[in-house]
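This is the structure, below, for whatever I ask next.
Order as written gives the chain letters A, B, C and D; numbering starts at 1 within each chain.
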Amino acid sequence: MNTLIAIIGLGILCLILEIFDARKAIIPVVVIGLLAVLGLDISEFNSPNAYYNNMIIVGKFSSAFSALFIILTIFLVSLGHKFYENHQTKISDFIAIKIFLLAGAVTMVSFGNLAMFFLGIEVLSIALYVLASSNRLSIKSNEAGLKYFLMGSFASGIILFGICLIYGAMGSFDVIEISELSRSAELPIWFPIGIVLVFIGMLFKIAAVPFHFWAPDVYEGSPALTTALMSTLAKVVAIATLYKLVKTMNADISPSFQLIIVIISIASMTVGNIMALRQVNVKRMLAFSGISHAGFMLMTLLSTAKSSGTLLYYTSAYALAGIAAFSVILYVCKTKENEDITNFHGLGKNNPLMAAILTASLLSMAGIPIFSGFFAKLFLFNQTIQAGFIALVIVAVTNSIISVGYYFKLILAMYTKEPNEAKIPTPAVIYVVAVISIVLNIALGLFPSFVLDLLG
Amino acid sequence: MNVSVLLIILLVGSFATYFAGDKLASKVALLFSLFALGTSIALLNIYNAGENISCFKFWINNPSISYSLTADGLSIIMLLLTIALTPLIIYSSFGNEYKNAKSFYALILFMTFAMSGTFLASDGLLYYIFWELSLIPIYFIALIWGNGDTEERKKAVVKFFIYTLAGSLFMLIAFVYLYQKAGSFLIQDLYKLELSRMEQFWIFWAFFLAYAIKIPIIPFHTWQAKVYQKAPTVGTMLLSGIMLKMGLYSVLRWQLPLTPIAARTYLPILIGLGIAGVIYGSIVALRQKDLKKLLAYSSLAHVGLIAAGAYTLTIDGLRGAVLQMIAHGFVVVGLFFAAEIVYRRYETRTIADMGGIRTQAPKFASMFMILVLASVALPTTFNFVGEFTVLYSLSQINLWFALLGGTTIILGAYYMLKMYQQVMLGETNTKVFADVTSHEGLVLVIIIAVLFFFGLYPRPINELITPCLDQILRTINKIQ
Amino acid sequence: MNTNLALLLLLAPFLGFLFNIFFGKKIGKSASGIIGTLTVVVSFVATLVFLLQINETKEAIQIELFNWIQISNFRVNFGFLLDQLSILWLLFVTGIGSLIHLYSISYMHDDENMHKFFAYLNLFIFFMIALVIASNLLVLFIGWEGVGLCSYLLIGFWHKNQEYNDAAKKAFIMNRIGDLGLLIGIFIIGSLFSTLDYTTLKTAIATSSNLDITMLSVAAFALFIGACGKSAQIPLYTWLPDAMAGPTPVSALIHAATMVTAGIFMVTRLNFVFDLAPEVQNIIAIVGAVTSLVAATIALVQTDIKKVLAYSTVSQLGLMFLALGFGAYEIAVFHVITHAFFKACLFLGSGSVIHALHGEQDMRKMGGLKKVMGITFITFLLSSLAISGIPPFSGFFSKDEILMTAFHNNIALWVIASLASLMTAFYMFRLLYLTFFKEFRGTEHQKNHLHESPALITFPLIVLAILATIGGLISLPTNSWLSGYLAPLFSKEVHEAHHFGTTEYTLMAVAVLGGLIGITIAFVKYIKQNQVPAEDAEITGFAKVLYNKYYVDEIYDAIFVNSVNGLSRFFRDYVETALSAAVFGLGKVTNELSYQGKKLQTGSIGFYLFVFVLGLCSIVTYLFLAQ
Amino acid sequence: MTNILNEIGIENYIFLSVILFCIGVFGVLYRRNAIIVFMSIEIMLNAVNLLFVAFSTYHQDAQGQVFVFFSMAVAAAEVAVGLAILVSIYRNLGSIDINNLKNLKG
């Protein structure tokens, strides 16, 4: 709870800073502030507690994920420093929005009441709409914004309807009550429908097939930094929330429901990977890879009992790799008008370090050992086989083979093609972010237990 | 002092090489590889003294994965092969100039590190990790420093990578499944498992996919020739000298003991595949225009025989397979180096452009001849010991296997001598061919010395591996 | 003591080889030649010592050095067995070997790579000795393959000429085919008796109660295939004539006197195995007889002096196998020895002729050499008489005994063999007349440079000629030192030679008569009618077939070589591409899918939302149906 | 209140709002003018709000009505952002037909 308040406070603070025209200070202050908040959050880790008659429930799960969100936000904010250098005037708005978005994210993982859940989603989404279309003058950005906005609000309409039906069935928004009730008596037919509607709404947020269509377009259209945010933070938040929702609402999923999850996850990874093969725009490619990863993450829902650690591990591995990849993309495409793969030609010669980092992050996403991506997949498969879905695992493996195809397309471009222009100087901050994130990723790979056992 | 020291040396070496800069890289790499060689010999002595040089640490508790390296005869011999070939390979590359040498040599050492790990790991997952790790460096070595047209090379290398990765991922599933059964990835726990026929069959084929692609056993060999041809010779040496032994080693270490029933059931098919590889490889090698491709197919033929031996599930078969692995490791490195020596002078690998070298370079001619003879398993060379043992084991299964496998004696002689004749003999070539330089000579001489020494006195190796192979056989027979 | 002596005997030539390889060029031609020769002489002396020793002790000397190969049910040592057989063999290997080394010093003097030549010769002697003194089949196999290698190296000694290289390659591969047979034989014996050691094997066979005769026969047959490869029997004989591409001393040493007899050695060595496989023995006898006839017929019309000798060698080897087939091992050995003498002499003689004519090998361009080359002529004449089986020359005794054995066992084969020996007499004297009688038919330039060869060449000729003449003494029909000497080797005694009746005398007469007839025909044809063999183009009819060696090489090429190469091309061009296409295919398919999939991503919000709703409805309906 | 509810029956409220919701959905699916799409979404939300109120009476519990306030506020915020985006699109394109927005695809 304190985390949440602190975050919002930080957001307001950075708006105030703008009033006093201390734009230069904003990012450092925010970063320091977020670090403090991180500390606060970690301090809450071992003191589970409920606030405002169960509106907010802080537990291991929520604080662990909040910590992840905060770390990601720190990276994203610090990347903003260079990204917004040409429109300094708005920097405070962007930063503030990101922080409020973070607030929404934290709310989403620590809700104890469907109302908070809904508010969290909306705070997050509205912030994202703004960021997506934040580049006013570019049609692409506008289009991305509108697409995201229309479909997003449509989705939240569905979610709202779902919540409403649940409320109708149970007469309460409190998740704990609801789950208790759901176990007991026979339920009115609209309760499962409500659950399904909410579920589908969340599937839209994590961009799972067949609710994924928005993702590639929006990722491509919106400014690179926003894309980074969407593909890392937003996705992670959504899946975490969905996981929590499913876990709390109905601990024992019906076989038919499991089948739906299996089908959707298979569809997501397959479609995502296959579509990614022929993409030329890196952001778009990563969007599809994100879709496939969503498919992987969905597998955790099949054994909600003990897969929270795995989910946390997978999300952190994926997000860290994503941050590293995007910081390189930001660096490479800073001066370009698009993010086509041709811009990466000869990066291996121009800037070996950056190339190495991108390679590493791609390898991690592809699931090659010692990068945490491999272990994430391994633990996931382990859990899924335990739950008895070996066929699903085989499909997943086949998919990760396909995925190598497009990840390596990028690597090949970096190492085998000739560079098309001279080396561009790298801003230190990007270096720092990229290196830290990839080092964290590898560290996770070497000591998986650290994260894996957090949620026991 | 335990084996992990070795891994540390190699890993540190690879970083040191990278930071040593392009000038010194090769020297530093050689230094570290020699250091590693020394250490491994020291370790061998400790092992022979009967002390334990294995190492075990818990790593991940859930799922329980441990950093456990076990050094028994088989692992040690494969380790020695790796560590002994690395300095040779590095030294052999001194004649060439590589751009961005520091990364090149760093990658070589890193690959050695990964491969040594594969041979040592006794925890299924650790083994798998090393197995995959060894793929990355060779991918980059072949991709960046390879020769020939970039696009073709890219196609070949990516195919190789995806293909092998695809294979090994199914092995991963098998491991995870086994973990579910045993609650641990440790090999001794996996050995204890009582798997049903059905399970064994699935797991067997999952492993087989991984190994058949790596070794390669036909019809999974399609990546081989192209990659051998396109990769820089050093990469080819690493691939053919050491890496494909990983597959064969894994068959002995993991596949057979874990799925004995399946292995017995499919025994004829597997031996058949191996022998088919022998014949097919030899025949295809007959009409290759590119020297490296010819050698690639010859090595396809040889590993086919080794695989056949391994799948006989007899002590002779296993022993012969191991001996032949080592022999082949050395001889193939030597042959590819010979090809490289020719390339350095003539800038070509097309056999048609060669010939008439013997008159200009008698030293080289004789050494090349010896290598050729070794690869056709002339008695008193190491390869004969291995090949004889393997063929004997085959004859114990069925005389026809021995007969068909034995065609390697004829066909091998045919294509190798044909190659030698076209490359070395004939009217003096118009292009001048300088005889081997001192360091090229040294490399070849060392290889030849090894081949002859163990050809006449394979006993030390026998004594090293036999107990371990007996153990493996016992595991196989106990379960079935 | 014995061990060191044996090692000296074995390693002396090897040291010579090493020395010549590394320092041969520096120390100059003659020096390297002398060293090469001396090393072999050393071995010869060592052999003599052993011979004396064994003559008094009658004890076979067994020496085990160290363990070599380890098989589950037996281990193979590096070991030597010096018994009557091996010592006998060593005797003429090293003896004739040193003579031929001596000869080569002068013969090869103009060759730039003389030191290499001697190195290879030494290496050959080394491997030959290893083959002979091996105490088990695997060490024998070392020598077996080793001599094959040396013959490869020496046939292709003039490696600038690709035809020679082809010949060398052919020889090696044909031998390898045989070697595979030998290996298979070794495998079977190993698995049957868990040993490859001669002595233990012999006892094992003698003692074992329930022998698997069928398997044993298979083994025997496989071993015989090996012998065919080495000793140039049908169907693996075609390499030997081509092997004449090598320098003449090589032909004399390897392809007449020593290496080609390895097959006979091996069979004799394993006589106790072959005795148990009568079917195989029949096969051997038949193959031997047929080979001797076929080769003889071919030799009738050849015009290349060395080719004639080569086919005559094949034919003689055939006779030896005939003897082996009847289990008359010591007779075969006897013929090996006599043959070694006169055939080496003939080859060296032809060498000296070729030397005199500066490399001319076609008999049609020779003639009338007896005036200028007296010594060569006489030695040649003597050994021709020997090979034609004219008493009292050595050939008469050995060949006669073979024919007798044949007669006693199988009349048909006896007829064939007698025909072969008749032809032998004919073509040998044809060769003699064409080369040494009448007028010289070569170029003027050659005519002016005609000369008798130097002493270094003629001396070995003389020695060999003498041996060829008196060699028969070692095994006279009535009291044979040889069969007495070899007796310990053989399980069952061969008695035909001993009781001597009218049949034997008639047979002898017939054999001699045959020889004389052959000689007379040759005399009539080439001296009286003064014929000269026709030019290649003019040869017609059956003679053409013979001249082209029954087109066997062509047939082999058509059946085996071409088919393998065709298969190889097919695999390379189609199978390989197909396989890789199959793998690439998967990738292509996925790519295509992706290409099609892109069309779905239309970019129209309406469509996206439509799919959204569709998915929603389907899930909801599914859940309803599920419940 | 309750008796009215009892007379009409909660089901009918549900049907009504479901119908409204579906109208909204179809509006979103079939109309091309962005403004009207907004309005359709608003209809969906309001249908839900109606249902909330109905349920809260049905359960005799105020949470539902409170929730309606939340959702209204959220909807307002959403629309504000949406219109802002729309304005900038109109500035760039001079049209608000969502069929013109197909630059991002493939």
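Throughout what follows, a residue touches a chain if its C-beta (ideal position, glycine included) is under 8 Å from a C-beta of that chain, and two chains touch if they have at least 3 such contacts.
Just so we're clear, the structure is a prediction, and the values are computed from it rather than from any experiment.
Student: More contacting C-beta pairs: A-C or B-C?
Tutor: B-C
Student: Would you identify the chain whose C-alpha centroid lies closest to the centroid of all protein C-alpha atoms displayed?
Tutor: Taking the mean of C-alpha atoms per chain, the most central one is B.
Student: Which integer distance in Å separates the CA centroid of chain B from that of chain C?
Tutor: 37
Student: Using the average of all C-alpha atoms in each chain as its centre, how far is it in Å between chain B and chain D?
Tutor: Those two chain centres are 67 Å apart.
Student: As a quick test, compute the distance in whole Å between the mean CA positions of chain A and chain C.
Tutor: Each chain reduced to its C-alpha mean, chain A and chain C end up 79 Å apart.
Student: Would you kindly tell me how far, in whole Å, the mean C-alpha position of chain D lies from that of chain C?
Tutor: Averaging C-alpha atoms per chain gives centres 99 Å apart.
Student: What are the residues of chain C that contact at least two other chains?
Tutor: 587, 598, 601, 603, 605, 609
Student: If you look at chain D, which of its residues touch at least two other chains?
Tutor: 28, 98, 101, 103-105
Student: By the touch rule stated above, which residues of chain B touch at least two different other chains?
Tutor: Touching at least two other chains: 162.
Student: Which pairs of chains touch each other?
Tutor: A-B, A-C, A-D, B-C, C-D
Student: Along chain A, where are the residues that touch chain D in the complex?
Tutor: 115, 118-119, 122, 126, 129-130, 133, 136-137, 139-140, 142-147, 149-150, 153-154, 156-157, 160-161, 163-165, 167-168, 171-173, 190, 216-218, 220-221
Student: Applying the document's contact rule, which stretches of chain C touch chain A when the two form their complex?
Tutor: 587, 590-591, 593-595, 597-598, 601, 603, 605, 607-609, 611-612, 614-616, 619-620, 622-623, 626-627
Student: Mind listing the chain A positions that touch chain B in their complex?
Tutor: Its residues touching chain B are 348, 352, 363, 368-370, 374, 378-379, 381-382, 385-386, 390, 393-394, 397, 400-401, 404-405, 408, 412, 415-416, 448-449, 452-453.
Student: Can you list the residues on chain A that touch chain C in the complex?
Tutor: 146-147, 150-151, 154-155, 158, 192-193, 196-197, 200, 204, 210-211, 213-214, 216-217, 254, 256-257, 260, 271, 274-278, 402, 405
Student: Considering only the defined contacts, which chain D positions touch chain C in the complex?
Tutor: Touching chain C: residues 25, 28-30, 32, 98-99, 101-106 of chain D.
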